[in-house]
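Two complexes follow with chain A in common, the first pairing it with chain B and the second with chain C.
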Partner chain A sequence: MRMTQIVAFGLGLLPAGSAFAKEHIVSQKAKQFTAEEITLAVGDTVLFKNEDDTSHNVFSSTEGAKFNLGIQKQGAESSQKFDKAGAFEVRCAIHPKMKLKVVVK
Partner chain B sequence: MVSGVARIGVLLIAVSFALEASEPAAFAAEPKAYLSSYKRPKDIPFPKDNLHSQAREDLGRTLFFDPRLSGSDWISCATCHNPALSWGDGLPKGLGHGMKVLGRRTPTILNLAWGELMMWDGRADSLEAQALGPVEAEGEMNLPLDQMIGKLEGMSSYKPLFDKAYPGEGINKSTIAKAIATFERTVVSGEAPFDRWVKGDAKAVTENAKRGFVLFNEKALCSQCHSGWRFTDDSFHDIGVAGDDIGRGKIMPDFEVLQGAFKTPTLRNVDHRAPYMHDGSEKTLEEVVDFYDKGGKQRRPTVSEHVKPLGLSGEEKADLVAFLRTLTSRDKPVVIPMLPR
Partner chain C sequence: MRAVFSTLILATLLSASPTFAAGASGGAPIAVRLSTKGNDIAFDQTAIQVPFGKRVAIKFINEAEKGSEILHNVAILKPGSLDEVIKELQANSYDIEKLRSHKSVLAMTKALPPGADGTVEFSPAEPGFYPYICLMAGHADMLGMKGTLNVKK
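What follows is the complex of A and B.
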């Protein structure tokens, strides 16, 4: 998994207790996420990139990190911030065999 | 969902296909470029919390064929999932308690050991979770689960079967569901001509079928959803069947893409399971191919991007159907058990 780091300009934008918020990239290829599990710090984001030849719909229904990124066509990207510590299951609503465990510490 | 004793593995083993010498150069692409992704697994996967044993399989088979698991004492699981009809019922829509016509076609239970979510709309996340749903559904088998347990406890010959399958656990909803699920996991379609082709027998299928296989993977876009050895991605797609049944959308109302989506069915033994689609609206495989060639029957924003007019010729359509017929296995007759009294 490729990882990038984004420096947040201005202390007012930073989450409490975090000097830097990182952006982690997870792609979707061949109806799979490119990682089975990733570990983040509170306040980090995950950029979901659809590099597949089909649409996806990334979501989580785990308490503490519920989100629905909606339909992602081929080539689309969507970002999701994780504000709470915990372990969250991320899936594709169209392809339920696609599973990603996000651990936020 | 499953793992445990599963040793499906081996998918990465390279397969040598003896096709080169005899293949005509009439394909848009070499079929062997696709064949390796359709190789059958060796073993059936069972979950860690419900491993296989012969006793569990036997109990599950007995329960599956027992019509006393219904309020009428007349409908068993096998009434709708009839092994003689490729574990379906051959009807456009299922028939339930009191001959009530149900909302959708009965899906086959073939090869569900490898499935992810069960039923057309995926509302059960395992075979164990699914097994008792139809039993207690008023419109289907119409037997409240508490009554079901009482009925089974009243038939003394059932107790030793449960004791052997699940020692010390008794007769309860969990053991009943686990036994049925274990039996269902053993319902696997056998080797078909297509499998023999995958293994290297170039004469196992006709040239028409080989052309159909390439079309299946390319121009006709079928493999976008009907992928892998079971010919399903276990996913949910709106394919443009006319009607107002929103399928998975009722379970997941906040997801636009799932409104009108249904689970991709397996194509194994598909020519034994007419009529087709979740509502039985297409009577033959030829009609199904025509349906996709036209890009479905109802256009709406949720219809899959892979369902669009294909421009197939008559010969191409026939080749596709010829290929689909190579997925049918000649399975051994199913032995129906004597039922406990």
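What follows is the complex of A and C.
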């Protein structure tokens, strides 16, 4: 079994990044994301942490990474996985000026 | 006497005609009240029916709590144009004022803060189902803040 996995990995048959997926943290503070742009590998996740004194509603409507984390109250955190390569715009449904560009390679 | 009678009938007809015309395409508009469902990113009504032949005035109230900071608006769209308008909105990175001159946007309020209201008026050109949506980022396309105005003959 182990040999099969090693061979499969050698042949590039395992899902890209599955064994090495990273978690990136992006907070929300002062009604802004703490980064304007982040770059991930396919399969990485982003942990969205609300460290603000107000609620947020993080979402993306970009094709290939559509998601809606719903209302996040103060102190709440939610994780989102990015499975496809591309450039995605992440926003807050409550604060229209909040924007984050996620580049997945 | 006969001439006076004829004149009276003509005067009555002339004065009645504008009233009928105003009733058919203008005059006092049908008043519709629409609001948010409190702090939810949703309208309180998702289906409204009005008769064809009248101007429609929709008063929209953002009933979110003042501290919530949630902005809303309402836009009335041409029948069958919902997907096209949402694509345009996304392509413009949710800049709602860029949609004001869009050919399928019949009327829209500005972005309204909690507690504020705005009124949109329009005259439906034909009976049909007119979508109404909130243009704020994610509200219609991701959170379903939309409804249908049925203009019925």
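As a convention for this text, the second predicted complex is superposed on the first by the 86 of 105 C-alpha atoms of A that agree within 3 Å, B and C clash if a C-alpha of one lies under 4 Å from a C-alpha of the other, contacts with A are read in each partner's own complex, and residues count from 1 in each chain.
Just so it is clear, a residue touches a chain if its C-beta (ideal position, glycine included) is under 8 Å from a C-beta of that chain, and two chains touch if they have at least 3 such contacts.
Since we're looking at a predicted model, the values are computed, not measured.
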Subject >> Combined model on chain A: chain C and chain B, fit or clash >> reply: clash
Subject >> chain B versus chain C as contact partner of A:Leu47, first or second or both or neither >> reply: neither
**OP:** Go through the superposed model and pick first if A:Ala35 touches only chain B, second if only chain C, both, or neither.
**Re:** neither
**OP:** Identify the partner contact of A:Ala76: answer first if only chain B is touched, second if only chain C is, both if each is, neither if none is.
**Re:** neither
Original post:
Just chain B (first), just chain C (second), both, or neither: which does A:Ala87 touch?
Top reply: neither
Original post:
Out of 62-70, 152-160, 188-196 or 260-268, where does chain B run into chain C after the fit?
Top reply: 260-268
**OP:** Pick out the shared contact residues on chain A: the ones touching chain B in one complex and chain C in the other.
**Re:** 54-55, 57, 59, 68, 93-96
**OP:** Provide the residue numbers of chain C that touch chain A in the complex, in ascending order.
**Re:** 41, 67-71, 90, 93-94, 111, 136-139, 141-143
Original post:
Hey, which residues of chain A end up touching chain B in the complex?
Top reply: 31, 53-55, 57, 59, 68, 70-71, 73, 93-97
Original post:
In the complex formed with chain A, which residues of chain B make contact?
Top reply: 116-117, 122, 224, 233-237, 252, 254-258, 261, 304-306
Original post:
Once bound in the complex, which stretches of chain A touch chain C?
Top reply: 54-55, 57, 59, 61-62, 66, 68, 89, 91-96, 99
